[in-house]
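Have a look at these structures, which come just after this line.
The same chain A turns up in both complexes below, where it pairs with chain B and then with chain C.
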Partner chain A sequence: MSGAIAAPRAPWRGALVYQLQRARYEPTVALGAVLLVVLAYLVVVPIGAILSDAVRVQPGDEARTGQPAGHVTAYYLWRAFGSPVSRLLLWRPLLNTCVVAIGVTLLALILGGVLAWLVVRTDLPGRKWLAPLLVVPYMMPSWTFALAWLTVFKNRAVGGPAGFLETMGISPPNWLAYGTVPIVVTLGGHYFPFAFLLLGNALRRFDSQLEESASVLGATRWTTTRRIVVPLMLPAVASAAVLTASRVLGTFGTPYILGLPVNYSVLSTSLYQSLRGGSTGVMAVLSAVIIAIGVAIVAVDSWLLREQRRFVTVGSKGAMHRRTRLRRWRIPAAALAGAAVGATVVIPLGTLTLSTIMRVPGRFEPGNFTAEFWIASRLPAFVGYPTGLLRGPGLAAAAWNSFRIVGLAALLSGALGLFVGYLAVRTQGTRLSILLRQASFLPYLVPGIAFAAAYLSLFAVRRGPIPALYGTLSLLVLALTVAYLPFASRAGIAAMMQLGREPEEAAQVCGARWWQRLWRIVAPIQRGALAAAMILPFIAGLKELSMIIMLATPGTDVLTTLSIRLQDYGYPQLANAAVLVIVALSFVVTYLGQRITGTSLASGLEG
Partner chain B sequence: MPHIGLSRVSKQFPGGVRAVEDLDLIIPDGAFMCLLGPSGCGKTTVLRMIAGLEQPSAGEISVGGRVFDSVARGCFVPSEERGIGLVFQSYALWPHLTVRENIEFGLSVRAVPRAERHARVADVLRLLNIEPVADRYPSQISGGQQQRVALARMLVVSPQVLLLDEPLSNLDARLRLEMRAELKRIHQTLGSTIVFVTHDQLEAMTLGTEVAVMNAGRILQVGTPMDIYHRPANRFVAEFVGNPPINIVPVRGAGAGRLGASLHEFARRRLGSAADAAWWIGIRPEAVRLGGGHGEDRWVHPAQIETVLPTGPTWIAGARVLDATLFGVSFEKIAAGPASCSVRAEDLHLFAEDGSRLEAAPRPSEVGV
Partner chain C sequence: MLVMMASRSRTLALAGAILALVLCGQGGAVPLLGRATAAAPFDLAALVAAAKKEPPLVTLNNSGVVKDIVANFTAKYGVKAVGTKADSLTQVQQVSREVQSGNVKLGVLSIEDGALVQGRLIPQHFVDNWVPPDMLDSIPKKWQNPLVQIWDAKVVAYNPTSYGACPITNIWDLTDPAWRGKVALRDPLETPEEITWFSWLTTEDNARKLAAAYQRRYGSPLQTKEKNAGYDFIVRLAANQPILTKSDDDSASAVGAPGQTQPPVGIMSLGKFAEAPPKGQKLAPCKSVLPWIGYAYPRYAVIAHNTPSPNAARLYVHYLMTAEGAAPTINQHGGFSANLDVPPGQHEYLGSHAFWEKNLVFLDPTGNDRAWQMRDALSDLWRLSRR
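Right, the complex of A and B next:
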């Protein structure tokens, strides 16, 4: 037995044997190391693969480059940055991306900031039910608003059914129908909940005594705002800006729907077109550019967060939250808030619903309404999807795929996240714990579309024991699992931190072995946390488009790609109906999730 | 039988924090040992190392002659095989199991037959008076009952050693007193070795058959409670144990004033050469007599009583003597105003420059306790 008196050994050997004896009973360190290697392979290696693809001759490009496949080349860099087509491939999309990102961020900050202040710091009527409503836009797929926009503002520049305004005899100009303006407005309407939540939380923590102290010292209202409020809110504003900008960077659906008709592209759509055009080398370069911008944005954020530590306000316990009285501004302010909900939730969803029940879009006559786009058994004009949406086998298959792929990914992500949490908390204080946290957080830095590109370049061919996965559902599941790991592991770490080590240690001194402790103590206590860690990725996955459209073969439809495909075919009524189905599912799952876990999922949206 | 031996044990946490330094301690079989020290002194780490939840960086830990940890010889026995009970400060009850299931857990993982399991659970439920709540969940019972369940959960497997990590600190004063009595009763009934960690000196003094005072990862003194109180091994122990705290008067160096000079002069006259090396003189408040008291063996000086703090049974007084304030405590009423202050020579504790005790003060047996 190990407890018997053994002969003295050389000190270092004794210490080594001691550690090995320990590891036999306490596999957390060994498991943590294994998990770290797996995470490194799933996160770091794909990114490495795509960076290397950017500078190596891709199969099929031997003739163009005059070099054998796999050789180091600057051809793709030249093509993307310096060639005559570089304007089209990279520079214009880059410029458009920057304009859109800045525009959306400003819009989201202004809208989210004003609404957050109204809800948190004033006596706005109805603020209690306003707060959850204002998060709703984020629960819909990001391009919902874009489809609604097109339904109203579409003009004769593109084929298919006309927009509402066109039918009414008003022809919207191109700049209003497509391109920068509608993209900024619709994405702003989708992403402002981030700013609303982050700034709202910051305002909630903000002690109004700080303002009052300044007033007591004789500062005017303007001076107080300028010298006290703005500097203290700046870190939260910066975080919200960074989060919004990095999301916009990777978004695909909206610029695809609203940009394509006028050949307006951003980095993500240009990336997608490179993939569809078969130029994987250029795709790799574009991915690298997106990743670089994404990393830069997060770097700025973490630098700002470090700065924020200087501003930790003291004495939050006794914080006072005096609400500003709006007085005669109450009604206009309420109208403004109501308009925000209307413009970002009610009008888009209403428009989409209307578009699916009108034969001729925008003609409000009794005879014009129909349910055929939903339930008709035959729609002769729609060759690509010749039935009402609910009747066709396409919807059922896509829904089944969505549930299968996203459900499995959410399950894996949640379980993995909780396990990361368990190991990170059990090895707390060691380098391993820090590395585990960092590795599971890493996918957060990479916009989804570039991450999907990285997965394509790593798993498209057979590598060692791993077969070629392109076109399989496994690849989709794997990529989504890893992409949502940051959310799941954050939830896992938080849950394990809250539980602490003691319940497990109590079982240990009672004589329970490691697997008994895990199975009989930790797992049952964390059931709720596991559900929470799965539901968030599940909801995000239901709405996911950019990653899936990159990784799924055209034959494999999920709900989101089905909707986009129907839009591509020029069947906006069916595309809109499909999006409404996704929205409904997302609402139902969110509601069920909140019932099951007893928490507000909105709190998990913060980055 | 299970005496606990720690030999040259050190613990360094990742990140470089040295929680325990080169610690030697022998806890005799059947002892009720209290580890007493301020928070962060390493006492909980010692407890967790004995339980096997923390591994020493160096040294050897054995219980009843069986080596549990020996870094140099490569011996390790995991926590689950040590047969040691540990009650956590937070109780760490499992929220998804009922009280009965919580208690039964240790038996079921050891594959004890069902009938015996039920009998043993029933026994401890009775021993700790928690039968009525046996089928409730931990969140449905009071703090005091949770405390008992945590204890029952460990007692049911009849551990050879029972470790308690500040188990009473979350209870209110009344329950605390009850649980202290309960612990003492359990110790006497079961006769097992108990190690009890606390930062509350009153708890340590009242419960322990032995007390080890720790600070900054080292043990400063091990002894009976009376020993610790009346013959503190150094300034830290003297100041940490006792409430109200001991008066410490610097008699040499920069801090020394006129009161120090007067006391020092008296100590040298009465206590001989040991007093020459003293840097500080310590006087317990109950040894400071305000009003009355004469004689050769006393230092006497006029004083001005400035503050009087009645506690109910006692009065605590702050008396200005020369250039410093001495605190005294008395069961008789003290009034503000001029009084004579006196201290017996044998009540002076002498401490050297490094804080260690200078052995010239009277033996504890000569002190009227």
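Right, the complex of A and C next:
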């Protein structure tokens, strides 16, 4: 060990040997560099691959473009932006996406904001119960509400069994059954918990003395709101808006269920149809458009956050959280909050449950109720899934795939996130640290469906030593791991920030190697953080659809794709039952997660 | 690691194939499985033995009956197989991506999109065509490349409870304002088979029949900006706000759901008539529509290139072409096997074979090249004509 240092032959060589020796004990820089290369390949290269697909002739398109495969071409750009069908491929979906994103964001902000204020700042009865319930919609798959909507409002403008209302003789108009209105309502009902949590936390930190001082100084209620409350709340509102809008941009299930039957597409469904139709080039162009919008949204977010720094509320021990007395509005306000829970949780789940036990949807006659869609050993007319949901091997296989794929991805994502955190914190202040943070955050800019398209494109063929992964579970695991890395690495960085260097240095003095320190000191201390960093991706992955539907092959169904496929085959009872299974699993895992980590998403909001 | 596993299974498959060749050599003078002439004996036992040593066969099929076929196949030969229902687009995506990536898992595709099989999958070597050597004489030559497994049909259907008889007597009725928003069919952009049907409507012969039918319906000759009556029919059908469904099951329930006063009509495959009664649907095929009541279309059977179970795949294709292998499809759908030695079944819903010939457009493999060349243009025509 000392010999090499003692006998340097040349100065540069001695320096190198010394650095190598040092690296054995403090390999963070070297490992950080390796990790950066890996992240670059998993994050940056896929995006490059899909962008290049957009301007290169894809195999099979030689006749269309008149050029050999791999040649640079503007054909796909022309088809998506300028051709007669561009209106249907890109422009109308783009417009619809914008309308839906704005509508959902507004609805979510209003609903989430009002409820947050009621729970955090007023003496609303039952607020302790309400806070956790208001987060429940987000724990369900995003298209749960859409399926419930269709179960009630589906009319005869599309095929398949009619909805409850139609069966009862009331024919819902098209605008109520499909398209913008139901998509905005159902997605708003799914995403408002973001706004509720973010605005609720902001309101909780808000010192009510500021308002009181203003009113002592003679300000009217309106002036107080305009000059004090709104400016202080603006950053939280902006964050909630940006987060909601970027989620809506990449969401697939709801517009697929409520839009496509009437030829209403958004960018994500248009992208999916291009994939199915084999138009890889057009799919690449649409992915690029989605990525560009995603980047723009996050850019706006970071600009707003910079603006936020201009306001610093100096909180002191004297900060007060006086609750507004609702007086005679107590009961109506409680009714409103209860209605929100009812409309976004109880009614959708109730409707879906009801629909799975009715032969003809909406006919409330004793003979029409049955448990066969759950437990029958043979459903004669359902050739694609010929048994009740719980009896067939399809559900067990899909559940096993879900647990296997998502569990592995969550495990990897959590571990990788913590490792990124460790290296980024230990190399703090260097360019490497900044690059590590940025690379691990990058997937956040890319909506899931476009990210999956990029992975399809990168791993379609063998590239050098990297094997083609198409059709393997590894591809799904890898894509999900990287997609959830931003959340895991955030958690990792935050956790590592709190762990000083000292315990490690003490071990180093005692002669512990780097991996021993990592294994015997860092890992045990960060066990809780690791669990937290894994549970969030796991719950998100369990209800993930948009990425998996792009990457999974028919043989490898997970629970979410099974549900969508049953819907496609025209077996709504089975599809709804499958979604209920996902909801139940999601609830159980969330509950276990909260028990293990001792945290709750909505904790503390009710004060 | 995955690559290693894949290559190992390929090695195993290769070993199996070699073994099969050896066994074949002992059984008779067959130089290579499948390349045998019609005269040479076909050694089924050797194929079974070789197939048993391979990984389980993975097969996709447009129809859900694949579950029954696969179960019977495994029971008969002891060769494991997994069958999944998947539409043509999914099958094409999966096989082309698997072959490109080198991770081939698929064995046999039972696929309806013949234009794409012939226009792209075979030329680009994503799939291979294989005709059982012992059936070369009983399968008509024109149905051998790619191999037609079975003929099914899509016909105009109506709800007999709401209408005493079929309300559609002329195919142009489907484009008439009286049926605006009341014709259910699978979305052609999701089901390229429909586009193949469209391409057949635009042949000169068929366009002439359509023009004649138009004159019978409206009393005056068709005036059109399009190239012929076939294109005109497509444009009008698209503009008549048809109910576009994701599956024939959805079309069937749109038409057949009980309790409707003025239900739509639809174009759907024969299998739906058998499935209707247990679902409580009222469904009947129209039997007299000018010039046709619908179209007959083949389901092809092709083998994924470099499949890990080549012998199991051949055995399965052979099985599909026997009476036993065709039975589940024929019983469910009421079609007929391309192997003319297989009795055509009862055709409970559509009468005799002669009736098919007279009343259906046959989407023969001979038209696949034309259909493939026209596909993009016809898809765009459909898209742009929708209102």
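Rule of thumb we're sticking to: the second predicted complex is superposed on the first by the 577 of 607 C-alpha atoms of A that agree within 3 Å, B and C clash if a C-alpha of one lies under 4 Å from a C-alpha of the other, contacts with A are read in each partner's own complex, and residues count from 1 in each chain.
Simple rule for what comes next: a residue touches a chain if its C-beta (ideal position, glycine included) is under 8 Å from a C-beta of that chain, and two chains touch if they have at least 3 such contacts.
Small disclaimer: the values here were computed from a predicted structure and weren't measured.
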item	value
Chain B versus chain C as contact partner of A:Ile525, first or second or both or neither	first
Which superposed partner A:Glu372 touches (first chain B, second chain C, both, neither)	neither
Contacts of A:Val85 with chain B and chain C, given as first, second, both or neither	second
Contacts of A:Glu212 with chain B and chain C, given as first, second, both or neither	neither
Chain B versus chain C as contact partner of A:Ala506, first or second or both or neither	first
Which of chain B and chain C A:Val17 touches, first, second, both or neither	first
Chain A-touching residues of chain B, taken from the complex the two chains share	13-15, 51-53, 55, 66-86, 88, 90, 92-96, 105-106, 109-110, 150, 153-154, 157
Sites on chain C touched by chain A in the complex	2-3, 58, 60, 63-65, 67, 82, 84-86, 89-90, 92-94, 96-98, 100-103, 105, 120, 124, 181, 184, 189-190, 243-247, 249-254, 257-260, 263-264, 266, 271, 275-276, 278-280, 332, 376, 380, 383-384, 386
List of chain A residues in touch with chain B within their complex	2-9, 11, 13-18, 20-22, 24-26, 429-431, 500, 502-503, 505-513, 516, 520-521, 524-525
Residues on chain A engaged by chain C in the complex (per definition of touch)	59-60, 64, 84-85, 88, 156-162, 167, 260-261, 263, 273, 275-278, 359-360, 380-386, 456, 459-462, 467-472, 474, 553-555, 568-571
